[in-house]
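Following: one structure in structure tokens, then a few remarks.
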Amino acid sequence: MRLRGEVGTVLARMQDIRTAFGTALRLLVTLDPELVEIITLSLGVSLGALLLAAGVGLPLGAAVALWPYRGRRFAATLLNALMGLPPVVVGLVVYVFLSRSGPLGGLGWLFTPRAMIAVQFVLITPIVAALTRQVVEDLWEEYSELLRSLGAGRIRAIPTILIDGRHRLLTVLLAGFGRAIAEVGAVIIVGGNIAHVTRVMTTAIALETRKGDLALALALGIVLLGISLLVNAGAALAAEFAREREA
Amino acid sequence: MVRSSCALSCVLAALVLAVAANAGSGGRVDRDADAAVEFITLASTTSTEDSGLLADLVPRFRAQTGIDVRVVAVGTGRALQIARHGDVDVLLVHDRVSEDRFVQEGWGVDRRDVMYNDFVLVGPESDPAGVRGGQDVARALALIAAQELPFVSRGDNSGTHKAELRLWKAAKLDPSAHSGGWYREVGAGMGAALNTSAAMGAYTLTDRGTWLSFRNRRGLAIVVEGEPRLANPYGVILVNPAKHPHVKQRSGRAFIDWLVSAEGQAAIAAFRLNGEQLFHPNPGGTGGSPGSS
Amino acid sequence: MSATPAESILPLAFEGLGYAVAGRSLLRDVSARLEAGGPSIILGPNGSGKSLTLRLAHGLLEPTAGRVTWAGAEHDRVSRRQAMVFERPVLLRRSVIANVEYALALRGLSRSERPARAAELLEKTGLSGMPKRAARVLSAGEQQRLALARAWAVEPEVLFLDEPTGALDPAAARLVERLIETIAQAGTKIIMTTHDMAQARRLAEDVLFLHGGNLLEHSPAERFFAGPSSPEASAFLRGELVW
């Protein structure tokens, strides 16, 4: 009796998955307007956060890698530790800051995409910085004699190394983007998952799961995976293209 | 760096900036949105949003007044909290005790009764507790407790959770002593709790709305319903502009007034979920509560 | 062509130069004076401290004993009037011409002046056929010539070279050597290490012989090759001293 129940459950879940693929396909092919809206917002928020994180994280990581003083080991360790910030905690802290009762309440960012960009920025900047630090450290080991010989000090070396490490840094940025677009907990807290305003792929999936509509949730998940694959493939192609053009 | 790869990067960066700026503008991502649509932010509960009622009411309100309503759906406890912080303009919840306290403490004004729906007790179709069809929910809970059958509680301070606790109290029982045993507190929303119930074959108290749209039933069914103590009344409150001057009180009051108006009440009554009426407008008009302005 | 400086940074002098790492002394009490003029070649077996001496002279390392002076004064960092070419060239992950333009940029040349000057240098080093190619796909010989072009771009008064042809096949080595000669004839002081005896004979004006971290001899090339004063140097010339 029990075994039959278990098998039935498995079959039901498989049916869910089949339905999910069908639903995902239908939503995409018909360019379901709500789906398009959600995708656009997801990409916009995560790309926005990535841009900001790159602007801060790339030079920060490079500076920590090249910092010639005693604090460097500590700073590097700190960056690595910050990579593991629990997202829900970050969400709560950012909420406290952005709440109308909080210090930055006057900005009016809470429950708007700006709050979501802010929270993703806080989450992924340590990742970008820490990974950049590693890339820059490795390249500096290779280039330091040459650069010093040519008369470039550590500070002057930063843009040089960032440019020369561009392929590896692209991977770093992709890691940051992947982390940003996958975030749900922090984003729900500060965004509120408001329909048409702050609902992104991940929060939509959370919503449908909560409502028990697993097939739709899975379908959205498939779309999200697809987007992630597309972005990565696109970046790989771009890198390949750039490499070939230089040969 | 080769110029062509430079150009490619520039194009990509421009694209990225455009998409990000669009998102960051904070406005409604809507094709027919005007430059700046007047809107209020409403804090409500997950069960209310999941029922689909708000998705039905908001466009009607907007069509009539031009004011959009942005709904933040969270648990009752959190809804009250963000309202206290002034992060929303209007509060729509179903926990009379908390609502009254909210107003008494000065955080809200102009409370009105809006509507009511009901809770139902669901459980495995096999009904090991033998409570099916009963008209006394407190007795049903006592039977479940006596036989130590699995019961899933939301355990998240929500309106549903508090209603459940009130019913346990009516049955003169304290299930928290058995937390972790047959009494499972999942600390989650109604959908998640139902998912867990279905997986465990447990009894649970749920609002009818979530139940009607829940698709993962797996052998769960309604065992007790229709009893007066299972009624779930809703109240709408304006966040006190005296405490939070930025609150959009004109638009907020417009929304509250519309909800209790003839049109609003008719729209509420007309709402169907899977063919069934879910919410009932208030009989005998919509009264206020102590402390309303 | 090297700049004719208002004040030269030569002579380069080592005063009791020493370098030790983790208690082990790799270079001991090296004193010498290198004047302007023809190439000075540092000879010696593996591990004798030749590369170390170059790096100390160029300022890439700090001596643990003694000091390096240029025209009598200490410079605490690499002077802009020097350049160095390493045994294995380190090239930026960019095109050939971009590598040269980078060195020019560091010298302060404006963006509009760089392409022409870089093209000129590529011409002189025989690399003008491939300016846009990725520098890292060049052959070893081409890469070394690119490194020379880059060093030349700095218009150095002194050019250090550490086993510049050590990793090259004979044909590539010959091309590189000829370039070095051209640079020397244009007025740059060459200070070079090598363990290719024939090359040393061809290029050297004076020779410094190192063994086991000690400077055993510093004399004009003719005198050194005719008859070195230390037994180790003689053994080395006969090809018997490997380390």
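So that you can tell them apart, the chains are marked A, B and C in the order they are listed, and the count of residues begins at 1 in each.
Here is the rule we go by: a residue touches a chain if its C-beta (ideal position, glycine included) is under 8 Å from a C-beta of that chain, and two chains touch if they have at least 3 such contacts.
Just so it is clear, the model here is predicted, and its values are computed rather than measured.
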Chain occupying the most central position, where position means C-alpha average: A
Centroid-based (C-alpha) most distant chain relative to subunit C: B
Averaged-CA centre spacing for the pair subunit C and subunit A, given as whole angstrom: 48
Chain centre separation (subunit B, subunit C; CA means) in Å: 77
Chain centre separation (subunit A, subunit B; CA means) in Å: 30
Subunit A, residues touching no fewer than two other chains: 163, 246
Multi-chain contact residues (two or more partners), subunit C: 94-95, 132
Where subunit B touches two or more other chains, by residue: 1-2
Parts of subunit A lying in touch with subunit B, wherever the complex brings them together: 9, 12, 33, 37, 40-41, 43-45, 47-48, 50-51, 99-102, 105, 108-114, 117, 163, 166, 192-197, 207, 209-215, 238, 241-242, 245-246
Subunit A residues touching subunit C - in the complex, by the definition given at the top: 142-143, 145-146, 148-152, 156, 160, 163-165, 167, 243, 246-247
Of all residues in subunit B, those that touch subunit A in their complex: 1-2, 4-5, 8, 12, 16-17, 19-26, 28-31, 41, 46, 50, 55, 70-74, 82, 84-88, 189-192, 194-195, 210, 213-216, 218, 244, 246
Interface residues, subunit C side, partner subunit A - complex: 55, 58-60, 77-78, 80, 82-84, 86, 90, 92-95, 102-103, 106-107, 132-134, 137, 150, 154
